[in-house]
Amino acid sequence: MEKRRTVNEEQLREFLREMLLIRRFEEKVEERFRAGELPGFLHVAIGQEGVAVGVCQAMEDGDIFASTHRAHGHTLARGSHPNNVMAELYGKIEGISHGYGGSMHLYDVERGNYGANAVIGGGLPAVVGAGLAFKMRDEPRVAVAFFGDGATNIGTFHESLNLAQLWKTKTIFVCENNHWAESTPGWQHSPVWDDMSKRALAYDMKSIKVNGQDVTAVYEAARQALEHARSGEGPVFLDVETKRFHGHYIGDPQVYRTKEDREDAAHHDPLDVARKGLGISDEDYDALDNEALEMVEAAVEFAKNGTDPQPEDALKNIYA
Amino acid sequence: MEKRRTVNEEQLREFLREMLLIRRFEEKVEERFRAGELPGFLHVAIGQEGVAVGVCQAMEDGDIFASTHRAHGHTLARGSHPNNVMAELYGKIEGISHGYGGSMHLYDVERGNYGANAVIGGGLPAVVGAGLAFKMRDEPRVAVAFFGDGATNIGTFHESLNLAQLWKTKTIFVCENNHWAESTPGWQHSPVWDDMSKRALAYDMKSIKVNGQDVTAVYEAARQALEHARSGEGPVFLDVETKRFHGHYIGDPQVYRTKEDREDAAHHDPLDVARKGLGISDEDYDALDNEALEMVEAAVEFAKNGTDPQPEDALKNIYA
Amino acid sequence: MPEITYREAVRDALAAAMRADENVFIMGEDIAEMGGSMGVTQGLLDEFGSERVRNTPISEMAIVGAGIGAAMAGMRPVVEIMYEDFLTLSLEQIVNQAAKHRYMSGGQLKVPLTIRTQGGAGWSPGAQHAQQLEAWLVHVPGLKVAFPSTPEDVRGMLWSAIYDDNPVIFFEHRLLYPVKGEVPEKIEPIPLGKARTLREGTDVTVIATGPMVHRSLEAATRAEGDGISVEVIDPRTLQPLDEAALVASVKKTNRVVVAHEAVERMGFGAEVAAVLQYKAFDWLDAPIERVGAKFAPLAFAPVMEQFVVPGPDQVYDAILRTLGK
Amino acid sequence: MPEITYREAVRDALAAAMRADENVFIMGEDIAEMGGSMGVTQGLLDEFGSERVRNTPISEMAIVGAGIGAAMAGMRPVVEIMYEDFLTLSLEQIVNQAAKHRYMSGGQLKVPLTIRTQGGAGWSPGAQHAQQLEAWLVHVPGLKVAFPSTPEDVRGMLWSAIYDDNPVIFFEHRLLYPVKGEVPEKIEPIPLGKARTLREGTDVTVIATGPMVHRSLEAATRAEGDGISVEVIDPRTLQPLDEAALVASVKKTNRVVVAHEAVERMGFGAEVAAVLQYKAFDWLDAPIERVGAKFAPLAFAPVMEQFVVPGPDQVYDAILRTLGK
């Protein structure tokens, strides 16, 4: 059946295009932040694009998701326009959260983005609740939660997976295990840091382990997980091994991290994997890359020319 | 070595004596509550005496523990005098918490009772912290947490076990799985209700499963667990299968529970198991029983003749 | 008008709301077969089934959060937190999530969630089963906070809370459940944000919430015997607060007592006093008196508990003090 | 006297306390190698090692609770909660456990635990990284609450908090870390519960906490230009509160402004206003003015953020209002 098809060349090309867009977008964000143009503090997911694209491409219309403080990739991969995402980082009305949210609170409800959350684990229970609603109304929709390895230590994570499995909600849990929680390495924050799938055992929950640097593998695994949840068989824990290339936040000197660890990470670039898998020519690749760069430049232009909210707007949208 | 010795007759007799004392104590508490003499609301652990006695007898001087809303058994089994425990239920100064705590907040620090907790899971983190202190100071002491199957659903449980294993604190977690959380049966509140040991898999924590109706088995398992923790090898999850004979609280009509389930529970009485194991004569048994009854009667007398606090005492003990 | 208990009134509102809209469902610990630890939801499982009357695990954080997610996905969940003391386990979801999703999304989302909870002293529950924490929620923009004191109010306000498109933290009180009162034949929604005057008076205004409303009415009757005319007002909704009604009464009586069962220090009465001294400064003939629990956790022994928890006497004495008696 | 930053002052107190007593240890997220997300604990890992400077998992509930247990077992733990917003995850342990163990045990236990946390707006952190929640803790008997505003105070008070035998919730402010100030050569403990007058004046008393202390001093200087003499007092400890010092000042100036960065509604200023209108009723020549954040979550866009968060202007305007100007 249609869903089961494995990734064809055209799709993989699309995945690469998406990943390139996200990569260039975040590199630009780093640049603009350093230039002092972006308020607040930001987190990029450079190196983790395969997870965002693999999972989001596997989702279907009507599916919803909740992201984290590291949300640009998920948001772009699900189809929000770079212009509006960038505009949010500049605090403009044209931003996808109209300037109320910022980098850690990207929302795009039309595209199923129920919000990026800056509280670790904070978005998980709502994803269980949305998955419950889909199940109660017998809708073929799935709610997806993105979170990191560090988030598996918080009680909210436990209660959410426990409840989802107990009630068989239409939910999948995507754990992006980059082996870091800010400056804290996996071995320092979790007894099962090197095999997060073990977390699922406490709930008898189905889990799937996958290499996050291989976007095709992520896509296939996500498909499987989403189908499982969609069919009402219950939630799935997607244990994605990935790499954080840069610091925790933009500007993080990473004093806590060895050069080896950073270099090792860089050797597992999802862009390279996809590029090889596709066997695409350099010209072809550069064309995609330039396309991405142009979109990102345009996004910055769009954002800079955006409209600042009025001070009094701060008192709107508090109550429905 | 001394610790490894299996239970001899004398010990088993002592266990039976303790269990009988607890059983009669709680039956008396039910009676006095129904007679309207006891304020507040109370929970008895009738049917679960084997867990309290087996674990508490295995503990050593210097070990500490935290209990729950169902605390009479643990408290008595650890050596607090029935007079003072009963006096607390009557809200007297002679009570082990001097009238400030009540049935759900029994404390006896001298005997390592760091407090019964009325918030599910609320006592677990402190037990991890105490176990951490013992480890940091390199003391041969262990901190023990008692809790029920329902408590395994709360985030506090997850964070506590995760942290204990990560830091290898001198802690053991005693899960009394009576398959009920108030009116909610195990299958309705936890996906792994029939094999709580699975909870430990999420932390790579050592777990031991044992039949809570067999006090000797509980004692042996607790010994093993305590030694493991005491030696610094890490915490242990003690998965104890047991039965709640009566209602969740005294007076609970148990509309939610079938007659069969109640009867089945009654067929697994730890008193019978110990009595058979000991092969004790009826006279002998009745003697122990009368001894227990007399202590309990005396405790009620003591409590009734206790001293009421002064109203103004309510403003004491708020700050050290 | 029929007379029903506060408990029945809550149940009425829940059942009626569930009949009227299938998107309304309830979840909480032991609310199904047992009908809730306070017996409030008895019978609802039979009428609505286990899909819409959901027993939950002991997971205060997740059940509130699941309510948020279901609400954002179009449902109107009503979550029960068995005791206010356990709200402390779900505040992250209430304060950082429910209260802020609409705002952080720039108005894209709404969270039509009702969280029912209850607490209260007076029955020796001990220090962890009796706290009154409504003041905390009043400090949080994005939330509405209700605390009705009569069967009629609790029924009409719960209906409004369930159909409100914002998260509403709905406080009930343990000792009020058996209290009886007349209610209209059929449910009449009572808008959130409107205070209610339960007794008109000219000498002193007593602004009371929850159980203190009834204790204040007692005190008022007693004061009447001394020839003191006391007006008793129940804000009913603490957020948004009907300041106009309170100010109007104070401008009439020129004397105020604010009473709640929560600890006086940093309790809701502090906000009321701060508002009134500001908006009715020139009308006040005496300092605003606050009546609340003494500054202590709740002790188990009844004698100590009674000493800490405010009753009619404390209100009566405060009334006299405002009159310099 | 040497001049150091607020950040260095906190670090000084921690290091000194750890040198003085091996039972003192610190734990929190990213406090070891990284030295804390605010850089406060930089260098402590090197001096004290990973046993006493413990990086924790993201488990706000368990690390506070572990602190409670270690404290009851004889240690003096200092737990760092990275942002106040995350206190919402540990309130069960703080409020039901730390604050009540001593009481519920009838005095058998003590909990010498210090919980450091920080927050604050002004740098576009968004709605979940800037809340000021100190008022909640002031409502809880059994806790002490500190909120120092200068390097000298934060150093001397943190020392006192660590050696206090009760749980102390110690609030720091994100924008104060780089602020410099003179401190005594060696640490001089500053007792909890004593207010500090930073500026003497005769016309109006401004009672301010945290960053608003500095913003109020700015406003006071500006008012001086208009010939208005402003007294600025920092309670420093919110629980226990130095009511005597505040009342004395008000009886001198007869006019009061209370300023904090937290949301005004149900904020700490409400309690101060309620206390002062009660204890200094006959001395007040004008309504007590409250200055706090407007009633909204914190928006990301700087223009909106600035509109919500109070600055020197809001204090200055309030000062004028108390004088009917």
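By written order: A, B, C and D. Residues from 1 in each chain.
Keep this in mind: a residue touches a chain if its C-beta (ideal position, glycine included) is under 8 Å from a C-beta of that chain, and two chains touch if they have at least 3 such contacts.
Note that the coordinates shown come from a computational prediction; the quantities given were computed from them, not determined experimentally.
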Problem set entry | Chains touching both chain A and chain C | B, D
For this session: Compare the CA centroid of chain D with every other chain's and tell me the farthest one.
Result: B
Problem set entry | chain A and chain B, separation of their C-alpha mean positions in angstrom | 45
For this session: Could you please state the distance in Å, as a whole number, between where the Cα atoms of chain A are centred and where those of chain D are centred?
Result: 36
Seminar exercise, completed: Here the gap between chain C and chain D, centre to centre from mean Cα coordinates and rounded to Å, is 30
For this session: Any chance you could list the residues of chain C touching two or more other chains?
Result: 56-57, 59, 61-62, 85-86, 89, 92, 96, 103-104, 126-128, 141-142, 295-297, 299
Exercise. Can you list the chain B residues in contact with two or more other chains?
Worked result: 97, 99-101, 105, 117, 119, 122, 153-156, 159, 162, 166, 188-190, 318
Exercise. What graph shape do the protein chains here make by touch: line, ring, star, complete or other?
Worked result: complete
Problem set entry | In the complex with chain A, residue positions of chain C that touch it | 25, 51-52, 54, 56-57, 59, 61-75, 77, 92-93, 96-97, 101-112, 141-142, 144, 165-166
Problem set entry | Residues of chain A that touch chain C when the two form their complex | 64, 95, 97-101, 105, 107-109, 114-115, 117, 119, 122-134, 136-137, 143, 155-156, 159-160, 162-163, 166-167, 316-320
Seminar exercise, completed: chain A residues touching chain D in their complex are 39-41, 88, 91-92, 97, 99-105, 117-122, 150-151, 153-156, 181-184, 188-190, 255-256, 308-315, 318
For this session: Over in the complex, which chain A residues touch chain B? Could you list them?
Result: 153-159, 162, 165-166, 189-192, 198-199, 201-205
Exercise. What residues of chain D sit close enough to touch chain A in their complex?
Worked result: 29-30, 32-34, 37, 55-62, 85-86, 89, 123-129, 294-297, 299-308
